[in-house]
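Take this structure, written in structure tokens, and hold onto it; I'll ask about it next.
Chains here go by letter, A, B, C, D and E, matching the order in which they are written, and residues are numbered from 1 within each.
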Amino acid sequence: MIGDLKTRDLLLFAFVALLFVGTGIVQSWNVSLTILNMGLISAIMALGVNMQWGYAGLFNVGIMGFVALGGLGAVLVSMPPTGQAWADGGLRVLLGLVLGAATVVAAVLAWSRVTRFRGPVVVAILVIGFFIFRAVFDGGVAAVEAVDPASTGYLGGLGLPIILSWPVGGLLAAGAAWLIGKTALGLRSDYLAIATLGIAEIVIAILKHEDWMARGVKNVIGLPRPVPYEIDLQNSEAFVARMTAWGFDPVTASGITVKLGYTGLFVVVLAILLWLAQAALASPWGRMMRAIRDNEVAAEAMGKDVTRRHLQVFVLGSAVVGIAGAMMTTLDGQLTPGTYQPLRFTFLVWVMVIVGGSGNNWGAVLGGFLVWWLWVQVEPIGAALMQGITAGMPDGMWLKAHLLEAAAHMRLLTMGLILLLVLRFSPRGLIPER
Amino acid sequence: MSSPYEGRANKDASIVKQGTRSTLTPGTATGERTHTADAFLIGDSMTGGYGSGADILHDCTIAVEKGEIAVIVGPNGAGKSTGMKAVFGMLNLRKGAVRLDGEDITALTPQDRVAKGMAFVPQTSNIFTSMTVEENLEMGAFLRRDDISGTMAQVYDLFPILKDKRRQPAGELSGGQRQQVAVGRALMTQPTVLMLDEPTAGVSPIVMDELFDRIIEVARTGISILMVEQNARQALAIADKGYVLVQGRNAHTGTGKELLADPEVRRSFLGG
Amino acid sequence: MIEVTDLHKHFGGFHAVDGATLKIEERSITGLIGPNGAGKTTLFNVIAGVLPPTRGRVTMAGEDITGLPPHELFHKGLLRTFQIAHEFSSMTCRENLMMVPGGQSGERLWNTWFGRKRIADEERALRAKADEVLEFLTVSHLAEQRAGEISGGQKKLLELGRTMMVDAKIVFLDEVGAGVNRTLLNTIGDAIMRLNKERNYTFVVIEHDMDFIGKISDHVICMAEGKVLAEGSLAEIKANEQVIEAYLGTGLKNAEATA
Amino acid sequence: MEPLNAFVTFANFVLIPATAYGSQLAIGALGVTLIYGILRFSNFAHGDTMAFGTMAVILCTWGLQSVGISFGPLPTALLALPVGIAVTALLLIVTDKTVYRFYRAKKAPPVTFVIASLGVMFVMNGLVRFIIGVDDQRFADGERFVISVRTFREMTGLDEGLAIRTSQAITVVVAVIVVAALFWFLNKTRTGKSMRAFSDNEDLALLSGINPERVVFITWLIVAGLATVAGTLYGLDKSFKPFTYFQLLLPIFAAAIVGGLGNPLGAIAGGFLIAFAEVTITYPLKKVLGYLLPESLEPDGLVQLLSTDYKFAVSFCILLIVLLFRPTGLFAGKSV
Amino acid sequence: DGHSPVKMGIILGFTGPLESLAPTMAAGAELAISEVNAAGTLLDGVQIEPVRGDSTCIDAAAATAAAERLVTSEGVAAIMGADCSGVTGSILQNVALPNGIVMISPSATSPGLSTAEDNGLFFRTAPSDARQGVIVTEILQENGVNEIAMTYTNNDYGKGLADAIQANFEAAGGTVTINAAHEDGKADYSAEIGALSAAGGEVLVVAGYVDQGGSGIVRSALDSGAFDTFYFPDGMVSQALEDNFGSEIDGSYGANPGTDSPGAQLFQEMATAEGFDGTQPFSAESYDAAALIMLAMEAAGSTDSADFKDHVMHVANAPGEQILPGELAKAIQIIKDGGDIDYVGASAVELIGPGESAGNYRQITFTDGTLEVVGYR
């Protein structure tokens, strides 16, 4: 797999590795690992987006929604169930949902089966169904949300190990992607983009509003971890003894140990996904996808079922993003729907893919690491830049004060400049498609 | 009819040829130099290719005299289109020069060449698909400041079908209709040199005949025509000069008749 | 083989195909001619499932195929080329050909991970086949070239080459000749006839080059204004006054004067 | 009286605000749609361009106010517009020369432009915050209302009032003028047509003697005008805050797309569709029905289809439905 | 003097939706720091160096990374921050807790944080919104209001506060006609105003941020005549209301954390002298958070979080001599001399239960276009 890389690509990876090592030396290993862990997750997200865009030319700008769904998976799998809430209204909520789904299915069936008065019949089904749904559902929701709203007020999860939520998050995202794909994949380029953007906003709106599901904007915090807690390590005599023996500060070492635990898990996931993605891309399947991307009409005439392939790759890519989303929520230890912003979770991932090199899995991965590193490090870089610029100015000069005050905003500015520079000198990405 | 071509249409072609300084050496030997150095339009010893890729043209010379028709033929991928693009400045030449009426225009941008009276119909994507047929023609006359309605009437005259379709987006036309729009667009510039890359590809026989007729007429008004053709026998029949390109090099050069008569050329390039 | 009954395709108020009825015999090579805008390409597009018909019926070997999507028609053995070349521009010419055959086991994701041996074998065969086709089209040297970076005529050749990658029942060729060198076109004509004889392909060929039509086709249909104007052998068609007026014309007026 | 009251309530809380908001979105969407139509990419920096333009106008307005110049009942900012537009145009053209031109020459795919515009967005974002800061800035002066609720009530003697703000009125008028002018410009003038030609087929435009740099220049000029006008009108109506302008990007894009990218009429239609969707669908009919229905039938609940939490979701749902039936928007837009 | 400076992290949302609040909050904290530094007596000459970090308010991952850098790379001894409840929770769990760093938030008010696992490291100088719900109900009822419409900023703060208000108000027999969220930083609030006005109510409770959607809501409500009396909770009460609306909101009222202790006044004077607006929300709380950190250090005789975390409650609460802003040097001296202090500070800090401000509220009203303090509770 590594054999696909050229010397130049290896050098680029070495450079990024150097950035992380440098961070470890100059700042601290804890910082370096923190960035690395999110970098791994970003790389997976970028991989997922690259499948959709790089392979098939699907302009998905709804990444945020799939990340969030993955996160929802983490809550649903790992949090303990709220017994009281289930007792008070849980079943009613579920019944409501089933009724709602049944309404939609009935409407769709009616649309395809009924021949006379189709419109009115469908509308009637939808309206009646909506009211029944609201009647059943709203009551259940109210009951669930009334259960100690400050700390629970939701149904809780299954109380399973959180690692299980990674595939589950992927499945949730895949399910949503399937629904979306079924309806929206007929759209081209920017139209598909805005549709997915909208759907992502809808997903977030639901996450924010439906408190019974995952506490909405009140957030779920304190998710269980797949790795030990630092405190436990610090309290473990064996650990402290060993670290002291090796000459490490136990507190720092506990942080590093935990982070390395995450790193290990994430690396395994990334490696598996990358292998799968590379194998697929280098096969006739990948060739078929590229053909579809190049020219749908011709691919269709050559017997390729474009719609199905689009759906397939859309679902797969979204699933990968969902997995990353669940991993991210695991790492954060909390689900905070308010933090899902398109800029951070959609456009930044796009930047990763394009800067890395769309159509190239290794490029996407590299982009994930590099751009995330930058995203975190532009803050000190921007501040340092301002320090440097103002160093020559006399103290108390208005410009100096103004510049230093504005240092925080240099963060985005620096990000923008770096992005433009990379794009300028490598317009097809750092590791372009071959 | 207020055609500027009017009255000249059926004059003997030999009139036009007077004063041409072409001293083509009869015969078809490869690499034989013809005296074209001071032709009206000449792409002289052009060498170059796309971007930083390998050279496509190798020391290739194409020229056309005022009022003459020069036809380029050759196998697919020989570099005919590339040669045309080179003459029109859409390619960076590594060697060689392009001269128009004695002036070196090698460094000019395509739109400057348009201003100098050159017009070009590329082989592919040669119309504005989202614009109506009429707007396509208007765009052809973009640099003209005078009244264009006369020229437009002539184009409609030449391609009557376009008149019916003038309000339709050109992208919705049939293959042959598009081709007609493309040629019409170039005619709208009222050029002194008209360069056509396979203008008859996909047009029906009757339109092709019309087109060749009109090309002859146009040439007789003193306009130089440089065209690439795969309908080579018809094209060479009306050509004053013919070039056979093979792999980016001048393989055979001669008058149209000479090339038509050459059995080797016929067999290898004109389909027997 | 193919029967088209009272087929209509309207664009807004414009009737591009206006009640065409025609029949393509099995194992024939039918020439389809007609003035620009006669509706030939549109007819192809409707038959091949690219455009939904406004009205009418298309059957293939007795089976109703009206409105089936192109990819299903492909698997039924119906292939077509495009008048304006539709190459896969970022792929090499060889890949352009190799992607064509349907049912490749490597097109199933599962196999790309767990059936790599089988894929490798298949790929080897495909590659050989593709190279053969390239060779035949005299463009072997372009095997590794991106299809977006070849000449206009070469793209047309590639179009044709794709239909040669599989065993088709019926092939629709939309002006394969336009832009193709005449010497090469002769060779292509030979190939078409050979495929027809040896492998029983049926061909429908749109072409404006009467020499080519004359050389290969046994039956010619001339369309005009969306309808079938005349039908018969080329000689018959050429003698048809209406066809001459609408399509063939009477030759160059000025050519003799010039030459 | 009752039906009148019902209508006035509805007008005051739905019709007028949605119309004004729709016009604001429309002018913003026009800019997006124009860039898409001519330069063929989705410009994510448009929100920040609007912020920049508005900032320029604000600074100039302050200047004017400090020397005592005002525009009677109309906001002084209108006087400052030309300056703002000029400054913005300069910025855009410099941006084009330093960023986009390179990719044009390389014939880079549209997505490269989109990502580059993200970079530009970040930079402009920093620039604006650097110059004017992150806070709210208010610069509206002149008469705030054409008619205020109180005046209306006094005039008509109705229970319900109705307000029309000056800024709302100006916005609607400007939107209509601008779209008409743009439509005329693109479809009827030589320059406009050459711009469309350029967007259609750049190489061929070159062969027709169209100067691509000039087309690009004019495009940015118009975009600067549109962005500054849109930003200023919005700022006058609400207030200026860089972050909000960034957030405006989403509804603006939604408007441009639902209307059909590249189509000026579409931008207008899209703006209104999005605005009305947001405002109408979540509007509880309780009060209106209260006026219309007899006492006994008056509703207890809010009679609200969906809570306002979903207002954004609703507008996107409508967008989706429109796209499902018309895949390139209401007014058949382009797609690259 | 041989001491290398000790660093204190100031993690606030310098960029993002609360970027306009962050500068005055940071200035508040840095004011306390420079006051202590000027005295130079902390732990016999330790200088405190503030290091800023960007919490972005919303991006948990970026906030965590910034905090991680501050803690493990810059080596800050304590964190003053973060501002928004969401990122505060995540920094607490992912950085402060693992590294054993004391964290005092000046503004995270989500009730959920009261029960968060914190190992005794987390404090806040702002009260939990659970308390505010009670206050709001009291004030409204005293004003004879029985029917309110309410809108809240759609985050854990807004939602938590709105829920608390609704629960209390309804328990006291009032009616909440509608309780609708609004998103901050959005372009238009016509839809929200439409819904609020249709639902009706005597007073509109705006549980938002004054320089975010909150002002937008008030603006639209006034312009369209939907409401003319408002209740403003803590996120809204500020000078900005006066500037934005002047006498248009006469008769409206509200309350925010604050006391009649002279501390608040003092702090504002100090802030003005320093060149920033001390009345901005949570600026005073930031001053107090930073001050508490330093005083606890002094009390513990150490800058190690593990040591001084147990002293925070102690210096903040009675018994002891009351300490106001500007008296930090005096406080240090008292501790040095073995005395006891009761830090009151700019916001009348009184830490209760899990280490959060007990909640003193300053009741205000608007008359003739000016904000007037009418009482404290």
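By our rule, a residue touches a chain if its C-beta (ideal position, glycine included) is under 8 Å from a C-beta of that chain, and two chains touch if they have at least 3 such contacts.
For clarity, every value in this text was computed on a predicted model and none was experimentally measured.
Participant: Just to be sure I understand: going only through chains that touch, what's the smallest number of steps from chain C to chain D?
Facilitator: 2
Participant: Which chains lie in contact with each of chain D and chain E?
Facilitator: The common neighbours are A.
Participant: Identify the chains in contact with chain A as well as chain D, in label order.
Facilitator: Correct list: E.
Participant: What's the chain with its C-alpha centre farthest out from chain A?
Facilitator: B
Participant: So, what's the distance in Å between the C-alpha centres of chain E and chain C?
Facilitator: The computed centroid separation for chain C versus chain E comes out at 74 Å.
Participant: Centroid of chain A to centroid of chain E, CA atoms only: how many Å?
Facilitator: Going by mean C-alpha positions, chain A sits 31 Å from chain E.
Participant: Between chain A and chain B, what's the gap in Å when you average each chain's C-alpha atoms?
Facilitator: So the centroids are 56 Å from each other.
Participant: Check each residue of chain A and list the ones that touch at least two other chains.
Facilitator: Only 208-209, 409, 411-412 qualify.
Participant: Strictly by the criterion at the top, what is the full list of touching chain pairs?
Facilitator: All chain pairs meeting the touch criterion are A-C, A-D, A-E, B-C, B-D, D-E.
Participant: Quick one: which bits of chain E touch chain A in the complex? Just the residue numbers, please.
Facilitator: Interface residues on chain E, with respect to chain A: 14-15, 19, 22-23, 52-54, 58-62, 64-66, 68-69, 71-74, 85-87, 89-90, 93-94, 97-100, 110-112, 114-117, 119, 130, 154-156, 158-160, 163, 167, 181.
Participant: With touch defined as at the start, can you tell me which chain D residues reach chain B in the complex?
Facilitator: That would be residues 190, 193-194, 196-197, 199-201, 203-212, 334 of chain D.
Participant: So in the complex, which bits of chain C are touching chain A?
Facilitator: Against chain A, the touching part of chain C is residues 48, 50, 69-71, 74-75, 79-80, 82, 86-91, 95-96, 98-100, 102, 104, 106-109, 111-113, 116, 119, 122-123, 162.
Participant: Where on chain A does chain E make contact in their complex?
Facilitator: 26-31, 34-35, 38, 149-151, 208-209, 216-219, 221-222, 229-231, 234, 251-252, 254-255, 258, 328, 331-334, 336, 338-339, 341, 344, 375-376, 379-380, 383, 405, 408-409, 411-412
Participant: Residue numbers of chain A touching chain D in their complex, please.
Facilitator: 53, 59, 183-184, 186-191, 193-195, 197-199, 201-202, 205-206, 208-209, 342, 347, 350-351, 354-355, 358, 406, 409-417, 419-420, 423-424, 427-428
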